[in-house]
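Structures incoming, each one as structure tokens.
What follows is subunit A paired twice: with subunit B in the first complex and subunit C in the second.
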Partner chain A sequence: MVTNAASFGRSGVHDFIMLRASAVVLACYTVFLVAFAAFSTPLTYEAWHGLFAALPMKVFTLLALIALLIHAWIGIWQVLTDYVKCVSLRGVLQFVFVVTAFAYLASGILIVWGV
Partner chain B sequence: MELSEQNVKKQRPVHLDLQTIRFPATAIVSILHRVSGVIMLFAVGVLLWLLNASLKSPESFQYVQSLLDSFLLKFVVWGILTALGYHLLGGLRHLVMDTGRWEELASGKASAKAVFVLAIIFSILAGVWVW
Partner chain C sequence: MKLDIAIYRYNPDVDKKPYMKDYQLEIPDGSDMMMLDVLIRLKEQDPSLAFRRSCREGVCGSDGMNMNGKNGLACITPVSTFKGKKLEIRPLPGMPVVRDLIVDLSQFYKQYEKIKPYLINDDKQPAREHLQSPEERAHLDGLYECIMCACCSTACPSFWWNPDKFVGPSGLLHAYRFLIDSRDTATEERLDGLDDAYSVFRCHGIMNCVDVCPKGLNPTKAIGHIKSMLLNRAV
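Let's turn to the complex of A and B:
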């Protein structure tokens, strides 16, 4: 069996499912957040701060960032394996993007923690 | 010699007239889905920076609002929203195709064009909202 150490899941099928599951979470989060910002005009600090002070929104934000980590990991893997044929360069780029996504998650935790 | 080998070595007509080769709509939808996805991976960094500043204090919230008055940040936010809307629509098309629908040439092309039209409409709405 061919295994690929750089992909996210245990198999292609696992990646397929994880990509779609994370996409659903990200779609829900972005639609909600864009709608909230668009329909609360004018958007005040109180409303914005109040939204992120609520525990469900903190959880939702962190869920979205975990979904982003998974989604970006698999998506970047698909793009890099198609276009970057040099294995060492591809490995470095995959590393940089995955570390970036982890950094986003860590930042997100710290940002919503104290709100 | 294997039959498959014979087929490969057979002389085939080569068509490399770059003036007449066109990507079909389905291919353009696919590559733009990738491009918009990679763009948004960078965009999330900008968005997290804005989120952090907007939640810190009423003063820094004001500062973010004043930043959003500048053309540069308006343009960046509009670009992010356009990429997001396009990627979301392309993703929904993928989810429908996962169920076995829109997999024929005609329906695949039609749904690809529908994604373009809806993404452009969303991009214009996003532009109206931002400006």
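Let's turn to the complex of A and C:
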């Protein structure tokens, strides 16, 4: 059996479920944002500010950011294990990508809760 | 009619690196022939050309190769498929080349060995044979026909990048053939052997295997069933 200590999930099945679950959250968030931008006319600063000031939207955004972290973590691990065969280089790249994804998550939380 | 053909040549004992060699072959106007016949005629011109073949009718799976960018069996691929274009024949991609169109399939066979391609039944042995209903037997259709030509696995990028860890479409088609067999009692043991991040889950369903299978089989569907079986016992 091959282990996957650097991936997000505990096993292939876990990764498989987490990838799809996070994809569903990201798809819903994207569809909602596009629909809001398309149907909220005129799309003013007040409308946009009002949307993100509401608690449900803050929670939804936080969920989407966490889903993005999980999705990117697993996806990057899969891509790197395919294309980067040097283990130390792969470890460094994986570290950089995961830290960047965490930075996006932290920034997102601070920005959204600052509205 | 004149056929223009470029063939991948590499003899590690003589050549520093692989190269494409151009050939020409005269065939009667309006006639057609299989790619294997083209290779056999070229070998009469140039006896150093090396390729595998045996049954010459799509049963043994020996002459899998890459023809104009697509894997297939030379013996059942007519020249007319390529509509007069220049023919480019290369070995199956991603595998170490032994010589010319002959590749080393050791890794492919190792993966096949890994899935335990034989019936495991710990029940009391019947007096004559394990019986199967027609419905149970029907589950094996579309699975047992695989001739292991390696066209599918060598068309799969996941197998190119991880041939030591990802079982590959052919091996997984065989794995499902035993998982679904009503006479096999080692389902859990077989699933345990596949339950990691590479063996099955490196398949991202791009369906190159389905596109190239010369027997018209669908490894992606079989892999989907294995994923479902793994999910069912995990969730």
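We adopt the following convention: the second predicted complex is superposed on the first by the 114 of 115 C-alpha atoms of A that agree within 3 Å, B and C clash if a C-alpha of one lies under 4 Å from a C-alpha of the other, contacts with A are read in each partner's own complex, and residues count from 1 in each chain.
One rule holds for everything that comes next: a residue touches a chain if its C-beta (ideal position, glycine included) is under 8 Å from a C-beta of that chain, and two chains touch if they have at least 3 such contacts.
Predicted model only: the values in this text are computed from it and were never measured.
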For A:Val59, decide between first (touching subunit B), second (touching subunit C), both and neither.
neither
Applying the document's definition of touch, where does A:Val99 land relative to subunit B and subunit C: first, second, both, or neither?
neither
In the overlaid three-chain picture, which partner chain does A:Ala23 touch, first (subunit B) or second (subunit C), both, or neither?
first
With the two complexes superposed on chain A, say which partner A:Gly12 touches: subunit B (first), subunit C (second), both, or neither.
second
Subunit A: partner with more touched residues, subunit B or subunit C:
B
Once the shared chain is lined up, is A:Thr81 touching subunit B (first), subunit C (second), both, or neither of them?
second
Report for A:Gly108: first if it touches subunit B alone, second if subunit C alone, otherwise both or neither.
first
Overlap of the subunit B and subunit C footprints on subunit A, residue-wise?
78
Applying the document's contact rule, which stretches of subunit B touch subunit A when the two form their complex?
34, 37-38, 41, 44-45, 48, 51-52, 54-55, 58, 61-62, 81, 84, 88, 91-92, 94-95, 98, 129
Interface with subunit A, subunit C side, in the complex: residues 157-158, 161-162, 165, 193, 195-202, 227, 230-231, 234-235
So in the complex, which bits of subunit A are touching subunit B?
20, 23, 27, 30-31, 34, 38, 45, 48-49, 52, 68, 72, 75-76, 78-79, 97, 100-101, 104, 107-108, 111-112, 115
The answer for subunit A against subunit C in the complex is residues 1-4, 7, 9, 11-17, 78, 81-83
